[in-house]
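Here it is: the structure, laid out below.
As written, the chain order gives the labels A, B, C and D, with residue 1 at the start of each chain.
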């Protein structure tokens, strides 16, 4: 019973990490069809931001709270730079953006190595996040509870942003029909840029969260990027709720399969599940606009 | 398309290939006839001699291997400043192994065949060593490998200056047994070193009445240890034996602490965490945990004090020294000793002279075993302290003779297949 | 001169083949040391994969990010055979297996004791895998980005599986230390030269096959699928079948390349088949010109050569160079170097508005040089 | 008269509960040039989507003795059903000849596909004459004008051996001359080749000039059917296009065309 509960929690927790990593990706992918392989490196940039902030401020608790907005801005600025310098000219070639951003990710990783050194660095978790909370005899690590809460807050904020603000309406309009939105006076250029800022900023926030879990090094992002993309693929285009469901389902599946087999097999089985799922429901993914067909 | 012409071309080329194959190629069975190919092209006629350093300067292993490169460089500079080897200055040819076995094999061949170096120093992962081994054997060249490893290997062309299993894993088990551990949980990365190490641990445990309560492997680079830590916690063993590699250690120890597990209640003995890695894991997450090596920066000896001081002078005060760095440093001096004893740079002469060559290393006196090409080393169990350094908690007292195939341990019979 | 007429020019094609054959079979062995010739052999293996990528990606529009899987299938099949052939006759168990396990040879290794089965499997296994995967995804109209991400995830899973089963696959070390190749010693320079010759012949044959596919009606159909898949469907074709075929051909080319890589390089490890090498294979294709016939070949060889020589001088320099190449070439020169001519002409025309601007379509289909 | 007629019976398409096409019954005979009109969202395009297999439907759509509902797109195409799209979709990087050659080749065997095209097939030459693009045979389709692309699409339908042609707004964005040209082309095809042609169109003048019969769709249902005059005179059609109430002749003519 205890192990049942703690495995369920581990799955949800794994899902919340996936969700944080994938949320911004779902936004930029859905909005612009851009496949941003450098998203993982934006996560890394967020993590290093937390490291720098902690070195400046010292206090772990305060610096965690400062890091979250700081990393959001750092990630967002990187996103805007990427959008303005490279991606802006490539919206009609979505597949090529994958290769371009892969190049960006290689460069950012090497930059991180040259700036912060190849050795991993540590960001200390604040005292109020250390250790577990024990409920019914099951221990729940506080850091994981924090990340779970952070992911849910991020989803809530993003969802209300999309639902209730003028910006959100513009984003939704562009996701559904770019040319129609443009012809009805929405500046998709500006919307794109803001979307990229928000989406990449979320990657920065994910990076801060990851400092509570593991090592901060130049290849931090590569560990999450493929899984994050799978979440987006399963979740469907421009669907925040799809990403939420997909992240938690994949997280729980991973942790359950891992419990009964091994971590390696779990990863492979989860991929098989994704392929099988796409056999059943490519619709969440496949939208035909018959009038234009392209 | 002119299919017929292309077809004709293919046919002609295939035919010529067949002729080549059947005509002058040697069969596997007459391999001895081609030993001449291994003739060395090392040039020792001038006032200098070339040696090769082969470390990962890029990729995931660069973190660790850069430090080895630095200490190799330090040793070479010191040797050159003191007059070189047999009066010849050392010229370093450095290559990047890029953390990939294939690249290690390719670069090793380049160093031996292209640059004609007298010996190669480097490698870290077992994969890199195993990838290089056939290259050194077929070219009859020398590799000095500075990292503790899983044993069960002995090549005439490799000198192993890190610990083999009976100098690290077996003493670590002795230590845990002495401390009263009745049960163990094994956690490791999914590759050859942890798997071989765990095979040895299980054989030891069986012979010593220790229960192994679980054995878990994580893929290399795995970062979510919630499930594995849950299993460790549920099993409730007396201690954990940790053979995780690299970044995984960070995620594991953070998870371990956050799950409420402590070094006092359930110590985690690690064999791949040295001074260099402690900072990245975060001292708070790992303080008080035991590790097993043959060298710590805190060793109180004149040789070590000088080594640490020289290293900090060369690379900065913030740098720490660790076991593989010391073993790499030592390996260059051991090679120097072998050359001076043999009065020759030739591989065959060095192999003949190697046995008994000894060096007052920072870790203490080490001596080369001429039969298995490993070195006798003293095992030290240390504990990680608040200052990020490791302090010796237990020692084997004297150098342990290397026994890569564990022939002298009755419980290990049958392990080496 | 019109590139198309060059492409179709019979004599130019024959001449090009002969020239390439002479360069690779006569000039290169004469000029290079055995070590460098071995490296060139390795580059040729990458070039074979590139020919397939050019077909599937350049002509078919399928962004194949997981070619490492097929490369790995071919390579591991060959490696298994070589390890079994090297195994001592008394036990029949390869050295690395005997070292870490006493379970003997896994059942799925057994077929590869036979050389004939191995050679057939090197072609058939990658082809089957590609057909299965292709039909599973293309039939359900999973394409574009989704296909790319899936193929990438597949490469990741394949590498994880290899690393996770060291008893049967050699784990992260992979398989190496091969003594012979179908009975011939791999230490003998004459045999290594033969291997190189086989690689050259295989590459030339693949280029010939790719060219035939490109100029055929099928080639036109494939381009049509790339540009307007639904339209093709409404003409009564099944685009899934059309694309799957190109994907399978690319897979076979990668598989054969992997099989030759093993004896030439002497090792195959999961590092050679995962995500990073799979994407790395694309950069040469992108630089050379993805839609052209020879662009991918030349690009792959040039990139591999640059990697070796750059990394000999600046260890971390190569990563920057590779990253920048991806960014600049794909973003600003999507047709690769092959399109440099038209692009420059386009700029010149823009600078001189008096001359009516010619329409240049990039990436162009007709660049066949 | 042949058996190639299209007969829809209770054809229904719904998306997540929204009924886009609602129990439509309709038949179109060979030689007919049937126009489908109706306000935005009436279900015109969805109707031909359903017939061509792009969206799942219920009911039946019988064509030449076969029920098309539930078949795959390329199978339906092979039964001689062809369609175009609102935005002309030709293979931009291929030449006019290549475009037509591909359209003509759905039944080719593997061996033919693996070889190069040595000569231009007869049907392709003929179709190129019909659509008037013979002079542009070797020009990449991407460089054609908008009107020429639409003609090329129609030409592709002809060589594809389609006997049921469904065109989605073929004259949108065309100049007046091009519209005229297109209309005459369609008439010729329908009458001479005895084909069944369905045109979805918004352009009332074009409809009035060339339609032989008209079906008006509204909210997924058939509102009216008949000749151009009959439909224009139908008060329900006027109501849908102009809103409820009485309308002056001038207003009605402005929207629905003269002759009401």
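Definition applied: contacts are C-beta pairs under 8 Å (C-beta built on N, C-alpha and C of every residue); 3 or more make two chains touch, one makes a residue touch a chain.
As the structure is a computational prediction, the values presented were derived from the model and not from experiment.
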Chains contacting each of chain B and chain C, listed by label: A
Most remote chain, CA-based centroid, reference being chain A: D
Pair joined by more contacting C-beta pairs (A-C or C-D): A-C
Distance between the centres, which are taken as Cα means, of chain D and chain C, whole angstrom: 44
Distance from chain C to chain A - Cα centre to Cα centre, in angstrom: 32
Centroid distance [mean C-alpha coordinates] between chain D and chain B, Å: 73
Sequence positions of chain D contacting 2 or more other chains: 85, 89, 116
Where chain C touches two or more other chains at once, by residue number: 160, 163-164, 212, 215-216, 228, 230-231, 316, 319
Where chain A touches two or more other chains at once, by residue number: 113, 262, 264, 267, 288, 293-294
Chain D residues within the chain C interface of the complex: 52, 73-74, 77-78, 82-83, 85, 89-94, 98-99, 101-103, 105-108, 112-117, 140, 142-143, 156, 160
For the chain C and chain D complex, residues of the former touching the latter: 212-213, 215-218, 220-221, 223-224, 227-228, 230-239, 359, 361, 364-365
Contacting residues of chain B [partner chain C, same complex]: 1-3, 5-6, 9-10, 13-14, 16-17, 20-21, 24-28, 30-31, 34, 37, 57-58, 95-96, 98-102, 105-106, 109-110, 113-114, 125-127, 130-131, 133-135, 138, 152-153, 190-192, 195-196, 199, 217, 219-220, 414, 417
Chain B residues within the chain A interface of the complex: 60, 62-63, 66, 190, 216-219, 221-224, 226-228, 230-231, 233-234, 247, 249-251, 254-255, 257-260, 276-277, 279-285
Of chain C, residues touching chain A in the complex: 61, 63, 65, 136-137, 140-142, 144-146, 148-150, 152-154, 156-157, 160-161, 163-164, 228, 230-231, 275, 279, 282-283, 286, 316, 319-320, 322-328, 330-331, 334
